């Protein structure tokens, strides 16, 4: 066996580069196994199927409930992804590996959150056209896309923080939706209303309050999660 | 076991006396409301309980922030105490609200902003208690609890706002200037006295109960310490 | 290199470490022995900066914990009984990820060297999920030395390995020690650790109750030394700090 050669002089890794390293790691692992995305996708389609029977999505009522069904689907499928993404860190002790690195703890938060956001957006990008085809509704609407992005940002900002907490408890996966849903109600209400507004081509003044609410929520919760993440991982 | 502090004993007695007086005021001093009749009398305690519930919610959030800043577990004891006490007060507020809503709105429950927010607040507290129950290490339990209380404190007002944007039928009795909501009524001076006295009474009672719960929390910690000593 | 003074760690009312003193000089290889529940893992987690001391001072390479945790982390290499690797990434990708986390320059060349050192160069493109426990543990050591740390901490690295894998791991460990690194390692396996370490410290009841160099103990007497140090110090089991 060869002796260990000395490493080149190190530089202090920046917040951006370590965040991207974590994001890259999550994406390439997922690209290979596709475990998380396939589970989220199948689950999302099942939720839509259940709504189909539960609400009897006739053309007459479909119009009003579409945005509600979509957001309920995203919220349920989202917890699956959030749980799984954190469980892979916890199960093999990788969370400790991340914490041992001389990186800002916010890099861990942002890296994980961006990965979770990417997974959410992929699922949404698949669910939307599928829903359009199944129910013959046109969902290709720039306003709707923007609301979906904003809603997902807030959802993932809180979800990533809470999944980091829930994964460190005894009850684990079970706990995440219980912790998450009461806190994301403002997002769900605002996103459902704003999405419905865009789908009905309502005037901007009807949509604006919901848009603003989403924006405020996103800003507050990204900031607060950034501030408290240390307390959730540091012992 | 350390004895109760004199101030706490005083608060016990004061709360009992005040509650007795407040009850008297509600039934014999406040006039009967013209439209709804006697059932309106539940309103005084309803508002008082809801107020105290909110107060507890705020105390919990402040204690949570103080814990995160200082790392002193005494703030954690205060936080749990405030959450537990406020959980019960809010529940009473919801029940008394229902009793009032039945004749006023002709339904036990409506999805109005305050009711819904109160219900969601109860769910946040329930989630908070479940989170704590799942963690063994007292320091981690305290940190996670504080973070969650803080998140709830930021999200619940936004929940209220978002539901309010949807539409409200809850009467705005104080400073509402006749919004025309169903069940609206004007308060006579005697009604206002009774309301203010009830709010004061239950604020005192809240401090009393909170103090008891904090004391209980401290005693529980002591028991745990003694137990470990025996086990070793 | 490592200085620990009057370290106390409490989990709520439970006191795990009670005023522990511990020193390691540069280049020493210290084996930390002790019965289960003595606080070895807790102590090591504090040294790795993953857990904060309740009271007391911890200094590594001249930097204090937890105040200068980031500086300490850059100089630490940690191997625990869990490999801290991602199963869905290849050996190479795992190392590349951690190299980026540590800001290692000249990363590809470094990964090459490390893979060579732990004898996994031929499996570099295989998923870590497909690796045996022994191979994972060797890669874990590779991960820990990527940034050329001054101090290496090993928590039960032999757990779950077969004889061959243990022997290979020992080679890597000797190699690490030969480069003048400071090493602290916990272990149950007295026979194994006997010819690796240069000093043996016994942790019992939350304190270091005995410490001796390999020369002082002499060959084959390690087990006797270990048993004596635990039996002779009943005071350490009392509750008072």
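For reference, chains read A, B and C in written order, and residue numbers begin at 1 within each chain.
Convention: a contact is a pair of C-beta atoms (placed from the backbone, for glycine too) under 8 Å apart; a residue touches a chain by one contact, two chains touch by 3 or more.
Note that the structure is predicted; figures quoted are calculated from it, not measured.
With centres computed from Cα atoms alone, the innermost chain of the structure is A.
Averaging Cα atoms per chain gives one point for each, and the point farthest from that of chain C is the centre of B. Chains joined by the most contact pairs: A-C. The centroid of the Cα atoms in chain A and the matching centroid in chain C are 36 Å apart. Inter-chain spacing, taken between the CA centroids of chain B and chain C, is 50 Å. Taking each chain's centre as the mean of its C-alpha atoms, chain A lies 33 Å from chain B. Each of the following residues of chain B touches two or more other chains: 139.
Residue positions of chain C touching 2 or more other chains: none. Multi-chain contact residues of chain A (touching two or more other chains) are listed as 235. Chain contact summary for the complex, chain B toward chain C: residues 73, 137-139, 221, 224-225, 228-229, 232.
Residues 1-14, 17-18, 21-22, 24-25, 28-30, 32-33, 88, 92-94, 96-103, 234-235 of chain A touch chain C in their complex. In the complex of the two chains, the chain C residues touching chain A come out as 45, 48-52, 70-71, 73-74, 76, 78, 80, 82-89, 93, 97-98, 100-106, 109-110, 113-114, 116-117, 119, 127, 143, 145-148, 171-172, 175-176, 178-179.
On the side of chain C, the complex with chain B involves touching residues 11-14, 237, 239. Note for the complex: chain A touches chain B at residues 158, 161-162, 165-166, 168-172, 175, 178-179, 181-186, 189-190, 193, 209-210, 213, 216-217, 220-221, 224, 228, 231-232, 235.
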